[in-house]
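Both complexes below contain subunit A, partnered by subunit B and then by subunit C.
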Partner chain A sequence: MSVLRPLDKLPQLNTATILLVSTEEAILQQLADKMLREDCSSQLLVHLATSLPLPSNVTRPQIDLIVFVVSLHSKHSLQNVQESLCHVDARFFLGRVCFLATGAGQESHCSVHHHTILKLACTYQSPLLFTDLKTEGFLVAMAQRLVRMLQICAGHTPGVSALSLLSLQSSEIPSLEDL
Partner chain B sequence: MEKQQEEEAAAELAEPGGEGGQPEAAGAQEASPKDRLSLLLRLRAQTKQQLLEYKSTIDANEEETTEEMMQEEQIEAKIEGLENEIEEAKVAFEMKSLALGRIQLSAALENNLEDVNTKTTLLLDNMKHVLKLNKLIMTSQQESWDLEETLLNIRKKRLQLKQASESKLLEIQTEKNKQKDDLDNMENSDKIKAIRKNLQEEIQTTTVIQHVFQNLILGSKVNWAEDPALKEIVLKLEKNLTMF
Partner chain C sequence: MDETVAEFIKRIILKIPMTEMMTILKTWDFLSEHQLQTINFRQRKEALMHNLVLFCEEKCASLNDAASLDIIYTQVFRHQKLWDVFKMSKKTGRDPDPFDEDHFKRSFMKVLRRALQNVTVSFRDGEENAMWIRIAWGTHNTKPNQYKATYMVYYPQTPYVFISFSRLKRNLPLLSQVFETHNSTSPLQERSLWLNTNMDLRIIHENQLEKERVLKVTQETFGDYPQPRLEFAQYQLETKFKSNFGTSILADREEPLRCLIKFSSPHLMEALKSLAPAGIADAPLSPLLTCIPNKGMNYFKIRDK
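On to the complex of A and B.
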C-alpha cells in the first residue's frame, strides 16, 4: 500500500480524516490542535506525517484530504513534498489535495522562490494557500478553512463535492498566466 | 528518503453541537430524541452525498479513455471543453431553480391574494399602483410613437418635395440646353447661309441701283432739293442698307 488512493475504503459514519504532511512537526501539531478545537459537527481524525509513503503496518481509515505544508524557508521541505507526491494516486488531485506555503512574509529568509511553489501547484492543479502558521490568528483561520474543506471532501456537506469545490476555488489554483 | 514514523494524533475529540449521541458514549441516555433525530438526518445527508461521490467515481472509471497519448494542448483543450459543459449545466440548473422559485412565489402570491383581509390591502394597493403606472407608461409611449410617426411623415414629404424640385430644375436645365443647341444649329444650318448670301446679293444690287439713280439725278442737273421724291432718293445714301 505505498500509494494513497482516494475513496478506496468505505467511509466511517460521521468521520472525516485529514492527512497533514510536512517536515516541521511542531507546526503540524499546532495546526492539528487548532483544527480539533474547531466546532464541527463531524468527528475529525487528524493524521500527521513527515513524508509519504506511510507505513503500511497501521490500519487507518480512508483519507479525505491531504495537505502538503511547504516552508518557503527551507528547500528540504519542498524536496520532501515533491518526493512524497509520487506516492499519491492521481485521483487524489481532483480536489482532495491542498498545498500550504508558510513563511512567505519574510522575504530575506526565503530560499525557495514562490514561483517554484506556484509552478508546483499549477502542475498538480490544486489550490495553493499562503499563510503564516506562527501567528495565532492566522493559525486559527487556516484551521477553520481546512476544517471546512475537509468536511466538503469527506462528503459531509450535501450539495458540494470535492470536485465542485475545486472548480469554485479556481482562483486559488495558479494558472499558467500567473507564472 | 528515510521513512519517518507516523504520529497518529487521532484525538477523537467529537464536539457535535448539542451532544449528538455517540452510541458508545455513556451519556447516550441524556441525548434528547430531537438531537438524535437531527444526528440521524445529518448522517442521512452525509451518506447520500458520499454515495453520490462514490457513484460518480465509478461512472468516471467505467468511461473508457483512449489509450493513445494525447498531447498536452489537446488534453487542456478537452479539459476546458468539459469545464465549459459543467458551467453550462450549472447555469441551466440555476435558471431552472430561479424559474421554480418564481413559480412558487407567484403561487404563494395568488393564494395570499385570494383571502381578502386588511393585511393584503397593501399588496393590492401596490399592484393597482403598478398597473396604473404601467398604463401611464403605455399611453405616453403611444403618444411618443405617434409624434415620431408624424415627424417621420413630414420628413418623408420634405424629401419628396426636394426630389421633385430637383427633377424640375434638371428639366429646366435640359430644356435650356436644348434651346441653346437648337439655336446654334439654326445658326449653322445651310438654309440660313443661303438666305444670308441671297440677302447680301440683294443688298448689293439695291445699293448699286440706288447709286445709279442718285448719279442719274445728279448728272441730270435737276434741282433735286425741291422735289421731295427726288430728295428722298438722293438722301438714301445716308441709310446704310446693311444695317437692317
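On to the complex of A and C.
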C-alpha cells in the first residue's frame, strides 16, 4: 500500500487535507502556518512529509491535494521529488497535484536548470508555480492560493472541480513548445 | 438540566457500586449535605439513581460537573483502564521553569481548541501532585462523545504522563502530535516538545521517525558541544574517471582527472552539522567531511589507491 491514491477513502464532513512534500521542512512549516491562518470555511488539515512513500502504519484521511516543493538551489531536493512521484497514483495528476519551485530569483545559486523543472511539470501535466517562500508577502499569497485550490480539490466549491481547475490553469502547465 | 447531561450522570451512577457510592458523592462535593443525608442506600439502585438525578436537577448540574464526576469515578477505578506511559525529554539543558498550573491549563485548552472546537476538557487534581485531564472528543459537526473520553495523568515536576486511549481512532493522529505513539512493546517512550503553545495540531508531520533518526545520527557524528571554528576546507581530487557505463572517452583516459573543491563559511563545521537536519543533505554525511576534526586537517588530496 505504498502508492497514494486519490478518492480512496470516505471524506470527512467539511474537511480538506493537503500534503506538502519537500526536503526542507522549515519552509513547509511556514507555509502550513500561513495556510491555517487563512479565513476558510472548511476545516483544513496539513500533512508535511519529506518524501514518499508515507509511513504505512498510520491512518490518515483522504488527501485532496499534493504539493511538491522543489528548491532550484538543490539537486537533492529535485531528486527527492522525482523519486517520490513514483509513489503517486496516476489519477492524482488529474488536477490534484501541483509543483512549487523556489529560489528562481537567485540565478547564481541555482543548480537545477529551469528546463529540468519545466520538463518535470510537463511530463506530469500539472501546474508549476514559481515562488519565493522566504518573503512574507509572497509566502502569504501562495498560502492563499493553495487554500483556494485545496477547497476546490476537496469539492467544497460548488461548480468547480479539480479537473476543471486544471483546465483553467493551463497557462501554468508547461507545454512541449515551452521546452 | 440538559437531557444529555442527565443521561450521562445516570450512566455514571449506574456504574458505581453501592459500596463506593457515598465516598464518590462526597468527593464530588456537588450535592448539598442535606441532599446526601436524605439518600436511602437500602433502596434498589435504579430508584437511588432517579433520586440522585433529581437532586442534580435541583442543583442544575452542568456538563462540567458531570465530567468532574466522571474523572472521580476513573480515579477510583483506574485499574479498569489500560494506561500507556510517556516520558518527555527537554531539548535544552536548562533548569525546568517553575510549573504554573493555570498557564498550563490555558495553553492546553488553547492548543486543543485551535484544532477542534468541539472538545470537552476538564481538569482535576489527584494525589501526589498529579493533574488529571479528561478530554471528550467531537468533530467539526458533532458534539463531543462523553462516553469515550481520553484520560491523561500528568505529574508536573516529572517528565512523565500517563494516557488511557479510547477506541476513537480518529483522534489518535491529533493526540499523537503531542505524544507520538508507536506500536512497540515497551510502554516508555521518549518524546520531545510537550505543549509548545505555537504548536498547531492541524499540522501533521509524517516523517517524524526519519527526522529523529537524522537528529540522532547528527548528534552521534558531531556531538553536543560547539564545533571547532573553521573557515574553509579544500579537497584536491586526482583520480581516474570511474564509470558504470562501459567504455567511453573519459573512462579510457589514462591520466587522472584533477579537480579542486573548496568549502568556505564563517563557521564551516556548524554549517556541516546543520546540513542534514535542514534537509539539504542525507544523514550520515560523507566521512570526507566529518573526519575534519578527527584528523585535524582541512587540506585533503584524494588519489586512487
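Here is the rule we use: the second predicted complex is superposed on the first by the 179 of 179 C-alpha atoms of A that agree within 3 Å, B and C clash if a C-alpha of one lies under 4 Å from a C-alpha of the other, contacts with A are read in each partner's own complex, and residues count from 1 in each chain.
Criterion: contacts are C-beta pairs under 8 Å (C-beta built on N, C-alpha and C of every residue); 3 or more make two chains touch, one makes a residue touch a chain.
Since this is a predicted model, take the numbers as computed values, not measurements.
By the document's definition of touching, neither partner reaches A:A141: not subunit B, not subunit C.
Legend: residue contacts after superposition of the two complexes on their common chain; A:Q43 is shown touching both subunit B and subunit C. When both complexes are overlaid on chain A, the residue A:S167 reaches subunit B alone and has no touch with subunit C.
When the two structures are aligned on the shared chain, A:A90 is found in touch with neither subunit B nor subunit C.
Once the two complexes are laid over each other on the shared chain, residue contacts for A:L54 go to subunit B and to subunit C alike.
Look at A:V3: by the touch rule set out above, it reaches neither subunit B nor subunit C.
By the document's definition of touching, of the two partners only subunit B reaches A:T157; subunit C does not.
Of the two partner chains placed by the overlay, only subunit C lies in contact with A:S22; subunit B stays clear of it.
Residues 13-14, 25, 29, 32, 36, 43-51, 54-55, 58, 60 of subunit A lie in contact with subunit B in one complex and with subunit C in the other. If you check the complex, the residues on subunit A that touch subunit B are 7, 11, 13-14, 25, 29, 32, 36-37, 39-51, 53-55, 58, 60, 80, 83, 91, 154-159, 161-162, 167.
Residues 12-15, 19, 22-26, 29, 32-33, 36, 43-51, 54-55, 57-60, 74, 76-77 of subunit A are the ones touching subunit C in the complex.
Contact residues on subunit B toward subunit A in their complex (touch as defined above): 1, 3-17, 20, 39, 42-43, 45-50, 52-54, 56-57, 83, 86.
Of all residues in subunit C, those touching subunit A in their complex are 139-141, 169, 172-173, 183, 200, 202-207, 209-211, 278-282.
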